[in-house]
């Protein structure tokens, strides 16, 4: 049974979030995360190797993609075009860095957790949903490693979750869907831990630059959103896997 | 509500088939098809253009992909590798040809129906599931075109569905899952219409060649499977869209 | 001296077939096969390695290409475009599978026979000509291995040859040239052994689907054509190499 | 004569900055910027076209690259490898967004300013140096457009400059060179205008996450650095071009 | 019937040269040229378009490739690898430049003659054979244009042919085959017209540099070889096409 | 301090040449060479490996590129386009061959000197400037190897430098800048040693072919230019490095 949280939607409220663990039969960990109409399938695959420059410790990395018709109008398939866009690469680097911040890589042992975040349906905030969902998939892969007795203690040292915030109509808004995102003057993605510390802060002025005061307001709103998302993660992993 | 058919599984029985229409919010038509543990998301996108060499008539084409962790062990992402494998291209050409056989392309008008078949979970028979599901997505895109009054009558002239058959342990078997497929000496994919005629027959001897008698037995088994699949298609489109 | 067979051409007759062995000075085996105006140069190269996933046994694989002006109008060179088309990959996978069916791969030993089929002039049926000619090139590479005492007994366990059949003007036709192929409602490529068994059957409805009766008629016609082609192979290898 | 500013180096001081305008004979605007041992050649090229999705207004875009031996050990040439890395694409997208924030794109008219930032020598902070230098190159391209009477008033609405800040040994540090950057727990790139407003804030925890208080300290340090860099820009454009 | 010239082979003699016109049924012009064991199929295709930067005049261009097993050991297929090697591109640029020197491009009219030179068997001197053979193919394409009344007078203003020369064992040698080429200290390709003038001279010291006197000796030897090759071209085009 | 030679410019005079050693802080050897307005940064990187086919001896190789706005109008960035042009590959192969001629590769030991020649500004003659400058960078890398005691004696056996010559207005001209090059009927690049011997001669008729007498005149002019360039190299390496 999926774990669901539905919240009423004001400008400081998240969209309804739902995390379904174990969506994929084959992966060591997996989670389908739905934030409003955004739907991202996150899988975690354990590979008993690391890249050459990571010898001697563990590694966590991520890939991200959108299905061609995840969006309102069909996008070109990156495999058909023969390369990943700059946007795709930027997002998958962000997911990888964010998830590595959740791990004690030495404690993971010389193996890789490969995260795949595939957007099945897009309605804004796909990179943040991917990070929040990938954490759950990574958590379940760690559980699998523990169950397999490949590691004795969990290398996970923190929850990590992400949310977008923006300034729309002059006011800070939490958790931008596609319609909101299109009207925002400033767009910020914030990745935080359950200790309330920052892993990534990426703020971009789409039109007019933003002030110091606006930046502070956005960070506060984001912190509130991330706390709620981590609460959803907690409840999701509290239930036994199907 | 998804349309489900669960059948007991003997060597001449299909795996349980389930088709969920309207799975994707943005596409003009979409269907999630599940055949046992195989799960393929099919979307149909209407594009009011055709490729240059198809001017003056309609066009139907398809792309196919597997999520990296749809399979037991993670496969490389084709977009990251920079090209589609020969297997991928062969399958998407097959899907495209098969679906074109269902259409009166002149009656479709100068527009393209682009089918995307993305395997979310693989357990054998993904190309056949893709064809059977893509037909439902294409059907719903046609319904959308009719509702939009872009066309006055449906250009769909037949149902098209596909099933795999093989020879395992010397006996013909219907609807191969991954475990069965691995043991088969011969593997055949059969695409047929609701009139019981053939659109594609692709039989391959994996080890020993196969005899004329075996070929006939496989074709008969396939015909039975396709009839059932078309029945599932019929029931799926009989219910109103969610 | 080339081995030639010229036959009068009715709807159940092959085009004149000619196989010239040893056309290439460097390859371990080679054959130029001409079927009417179709001309394919097939070479077999012995490589004392196998791909990693084939360790412990032999391997046979194929590549296929057309010269840009093999066709009526010049096609783009795939090396210049930077990738092989889906059609090319599909055909070379078919050739590889078909030739592997002729071999006892264990008896070949841990080495690869690499077949290259390059269409110098195209007039329909190039993939079938490639299979039929590649068998002769592979045979001569095996002879070379025997002469070099790298193997003691031949790993070739069967002849393999291929022919196309189709339905043109409602009637089954053997060995489609380009003009015939363009008018065919159904097109089938059949790969068979000298025991009359099937290695591959690939039938495609280009327009209307085809019936069970038509399928049977096409298979019968194909079997007759393959028998004649294998006869040409037999005569070709019976003569000493130039 | 190049415009030079050399400052004594404490943890809140910039490295010596030098901007040489008109370094390139052909470009409409150009600047060689040196920040310590980091050396970036920025050129601005005017193209009287815009991409299709920008019709009706102006466009500003950027490309970024490093010479293979700009770094301590030689890196692979991206043109030889056949694609730009994710890092390169991420940086050039950042430069483009940052420079667009300096422009009133409507006032630019339907033309593109293409910025090329090529790192001739790297010692940390190359993306920030590129943004600061590209602004000067863009400024000179605007001057060229005014001199050519292609536009009547300048579409530049603000200075834009960038600096990196980080936490090294627990303390905030301004303007990270390569040695400092390697030891930083947190790394932040801040792009600001001469009005003291933010265009981009990108903070990344390399090891431990960072606190709200640390974030505020870094932003303050960055603001001080950007003010000095904009002062260098001002002095550079105040002198006549060579 | 092919046109053949066989000459006794001394260090100042060509290998036997044979040019077979009309080898390809589809091309507007074609020639199979054999220089000893080197065998190159040259086709000339007429395309009633020119590249954008050549509007208003004619264009002649070339592509070159080797079949994978044209050589002693099999080379990788460039289409499979996804790009043409530097050697391939260098050679096809040379062929294109050389053939353009034979043409009055304005008199050709706004159309392209596309030359394809595919090495079927390689034994040294393939680029020179390609140039010499491509001239005959181009000549026949011009004849076709005249016969089709697309042009009234021939735009061919000269014969162009090419030969390699080298210094082996301290002595100048004409027309290097693969074995000779491997031992040469200096290798030179010379492209000349029937007026005895130079179109291209490309001399390369493989080991020790070469002197002015050696250069002169090589040029003299090359001039003698090209005169003979042009004589073969003349005889080839004097006979009616098959 | 850069080493400068400025010469008065007649049709048999070089443009002013300036070589600045040690321009790059990180490379084992580096030189910025300026020939008139042409500016090429040459670096030499020592890599303690050789390509597999060079085992047992040293290797010298080169890469070449132009910055996009090195030219009058901006060119496409090769890394963005995803491949190096034929021209680029031809030039870098020429530079590599030319520099190898300066070396006793056995005496270099099993290591590679990788030369990178990046054109910062182009005004004709970039490949020749690259060769002349790369020699100085290679020289300094050799000095570094000697200072590091990785080799005991220098493997450099000759100076190598290059110059372009052409026929403009019927007269031979030395050292073509872009404006001259555009009007030349014949263009020749000549690479020579300090012993006055040839390493490469590449002459191309751009319009009318050239005669034997013209070829001789061009070679004589080139020899004079190379002597002067080698003199500049000598003076550059005579001064201590900054």
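Residue numbering begins at 1 within each chain, and the chains themselves are lettered A, B, C, D, E and F in the order written.
Here, a contact is a pair of C-beta atoms (placed from the backbone, for glycine too) under 8 Å apart; a residue touches a chain by one contact, two chains touch by 3 or more.
On a predicted model such as this, the values are computed, not experimentally measured, just so you know.
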item: Interface copy of E-F among A-D, D-F or C-E, judged by whether over half of the contact pairs recur; value: A-D
item: Computed distance of Cα centres, chain D from chain C, in Å; value: 60
item: Whole-Å separation of chain centres (CA-atom averages), chain A against chain F; value: 51
item: Gap in Å, rounded to a whole number, between the CA centres of chain B and chain A; value: 32
item: Chain E: positions in contact with at least two other chains; value: 82-84
item: Chain order around the ring, beginning at chain C and proceeding next to chain E; value: C, E, F, D, A, B
item: Touch list for chain F against partner chain E, complex; value: 83-87, 89-90, 92-93, 97, 101, 158, 188, 192-193, 195-205, 208-212, 215, 219
item: Chain C to chain E touching residues, read off their complex; value: 24-27, 30, 37, 41, 43, 45, 47, 63, 65, 67-74, 77-80, 82-84, 88, 114, 116, 118, 120-121, 123
